[in-house]
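Chain nomenclature is as follows: A, B, C and D, assigned in order of appearance, with residue numbering initiated at 1 for each chain independently.
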């Protein structure tokens, strides 16, 4: 299939490479061209303007946040220049509000908007093992299905309203952040009582909490290994903020999310914006007067 | 082995039955004698006073809380009447403070105190699949090891200080409560945006959160099935309180635990003390003005 | 002085009337013209378009929120149409971000922007007893000083950066909201123990807390008198949100503000958006299972 | 009147001195005898055992916490040795549970228990300007009234159940702690935006918040003057804990109190237990990455 791809950060690059491996034709664009050149060596065609990437059957985007997504797609004229019939599949985690705005702008231009946010860190993306939540018009979802299959392990359709995929992704990321804070507080508690967090986390994450999130992040916390970041703390703060905004829009108080926001903000104030967001666990240690990596 | 067993609630009964199945000889006592009679039909010897249960190599106790444990073992004279050389293995979740007090009282009387709190709901206990955290004097732990193997799937030794097992258990229960609150807030968020919690929880608990706690409790939340309780909310509040007290003793602030306390307290105020503590999820729904089972 | 005045809600109307009483000439505009007509009977000149109100020495605005302020001043073309030399004095509580944006847009057009947010409920405004925090270019502040004196009891200059007045106002409103929540929790506590909140609040608000905020709001809480609203709960939620955003921009975690947001949100979800924000106290009562006005 | 007085810390000493000044006869006891000797120079009679202080018409106690109060009055045998007809007036802040226990033990021995907790720092006590909340049997309250008048400015009777005075005091101390946290967060917010906290606090504490608590504590915060402590942070933590326990006993969630507990605990972990509890404000500054006295 002819695919345009915009946004070649750690995640985007890994995903685009898998699409090439699955024999799709890619036109790629990235703000800084270095990442795009890497893709070119794998067979992608570089384009000079984002609008050129939209000259395809499907345009996939994986940009960092609402601002850059809006900047490229709306202010940057990609939507305005796109042909009717295009499917725009957004893999990134953006706000409910932006999801609705893009879906509406797309509809007005005869473009189908598919929200397809992905769960998984860069190594999971490289292994084509992402979990992908997808929502949009049925026929459009059906057409991107083979692409999603090429980059992910499981596809989770949640209906025709794109914001449904968005809210599932935001709620999921909130759950991950909660797991981090939970392990951080629990680790501080046992450590202050003389039990090494590593030992404690091993017990819990091989039994009741034997799940990928707890095992992967638990290891980072046990080893206080926060650099390089698999997922940057400042992006985690962004996602928690989006969850809180989604909550506010629908009048859903989320006290855990409020705590997460405050703790993440403190980590940013302490200069840890670029560390892995598992660093959240160190905020709890710091508050307890324990030796903390923060 | 000759074993005394005190405390035959849902958990204690299931555990004691497994000890009988493993061909141990049991002398059992329970405040209300009905549960004890059930055990008698399986071969246990009923005793009239708790102190008689201590006429054994190992005395196991599984009482509801600090108060009842202290009431029976200390005020009730069990420790005072026990022979030197007894091993007292406490399977219940009690406070750090009581753990220290019992360990000291035991030591002064030539009794070895082993803290062996268990993770698992009654059906897990029945299946002899508990996870057991154990701490105490090495030789005493070695001697109870076969008993623990008869009732649990995995044994997790965490050293010689009994309070180390206690703090691991308290931190673990805190983690479970956090998982409940997290699912509750996430479910309220997606529901308010039109996604059925059941559908959302299925995605998350079969992927990133594919762990027993999330799957079992997630099912209760998805089906709003809170009666009969596998673990009563009021006992959950007790355990969160014990975690907070353990935190305070070691100067560990735990903001998530503070939120949990407030939410659980609200559920108790709403008359849900005897419901399963997964009911915690309904507090979030109630705050959001959603139809809530609370 | 020739003054334009935009925004004639409860507060704006009272303030504009006091300017007329002080013999200033007013050109007024309001979205719904009824309020403007009331002012006309006091001598104000009605104008058909907001831009006409800017044909004056000083333009004062008192609009409900960021959105309406931006809508009128920026999108509505008021700033674009204003003559160089105008002083724009904004009495409303808006965000730090909008304050900066307006100050910059004004500067580019030769307009002096003065942030002059006011503390006080409508009856305080009517009595010309507002407390006004003011910041902006020195000469501009000096010129509006007589106007502020005509509508307020005390003027509090906080320097030349308009956002300094904004942050003082946001922090002040946060303090009021905190006082409400504090009284609410304390009242619930004493009530649950059998002491009437009225009696309790009387002791505290005539001694250690003998301040206007506690006395006025304490009376509303003691009498559960939340309608009609002197200050609407939904506007309180807006102000807490602005404080949280200001905190996030400067990396200041504010756990009390986070709690306030969650509690206010719950009150909105319960249909109390239009009640007085002292209704916040009823959230605490509701959580405690007490008879609540919410 | 013949008065026994037990507990001569900063507060107790100042109060006892005022009773002497009002020509009452005092028998005083204190754990460390130095403070007692000071009182002797003012005319008090020193006694060697606390029980001797109870040989009086009224026994007043002002001990640091539940533990010391219980230790002296119950374990120390004061209640057991006291004559029928004694009035025991406890000026200290203790728990609801201890209040009930003491009232019951007193009743059984024909002693009238009056709870009379006081609001005010040591300099207020010296000036005999305390606010005293009082509850107990009517005739007993009437008899101690002249004593309370000698040491306080205003007496606030709240009925015949001693725990009613206790809960009013606990709720009041919670309100003070909330005011400290509120000022701390607000000060951090304005400071991070370039406004000196001193300037900000001056505006608010001379207008809407012109009350003793805000003015006195606001000054400490503005000047970062936390030593010597007028009220120690660790005692503040104790009082917040008592408020939370009172809340839990009556099923009243108190999210602000929960935040206060966590912040105070962090200050204790940072070594500030003996500083004035206005130090609470520095926790907020620290979290924001601002220069903090903590």
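Observations, loosely collected:
Keep this in mind: a residue touches a chain if its C-beta (ideal position, glycine included) is under 8 Å from a C-beta of that chain, and two chains touch if they have at least 3 such contacts.
Predicted model, so just to flag it, every value in this text is computed and none were measured.
With contact taken as defined at the outset, chain C and chain D are each touched by A, B. Copies chain A and chain C of the same chain sequence form an interface built mainly from equivalent positions, shared numbers / all numbers used being over half.
Rotating chain A by 180 degrees superposes its CA atoms on those of chain B, with the angle stated to the nearest 5. Chain pairs B-D and B-C differ in how many C-beta pairs they share in contact, with the greater number at B-D. Distance between chain A and chain B, defined via averaged C-alpha coordinates, is recorded as 37 Å. Inter-chain centre distance (chain B to chain D, centres taken as mean C-alpha positions): 38 Å. The distance from the centre of chain B to the centre of chain C, with each centre set as the mean of the Cα atoms, comes to 52 Å.
For chain B, residues that reach two or more other chains under the stated contact definition are 247, 251-255, 259, 262-263, 265-266, 269, 287-289. Note for the complex: chain A touches chain D at residues 255, 262, 265-266, 269-271, 287-289. Across the interface of their complex, chain A is touched by residues 96, 119, 131, 133, 154, 156, 158-159, 161, 163-164, 167-168, 170-172, 174-176, 178-179, 181-183, 185-190, 192-195, 199-200, 203-204, 207-214, 243, 246-247, 250-257, 259, 262-263, 284, 287-289 of chain B. Looking at the complex, you find that chain C touches chain A at residues 241, 247-248, 251-255, 258-259, 261-263, 265-266, 268-269.
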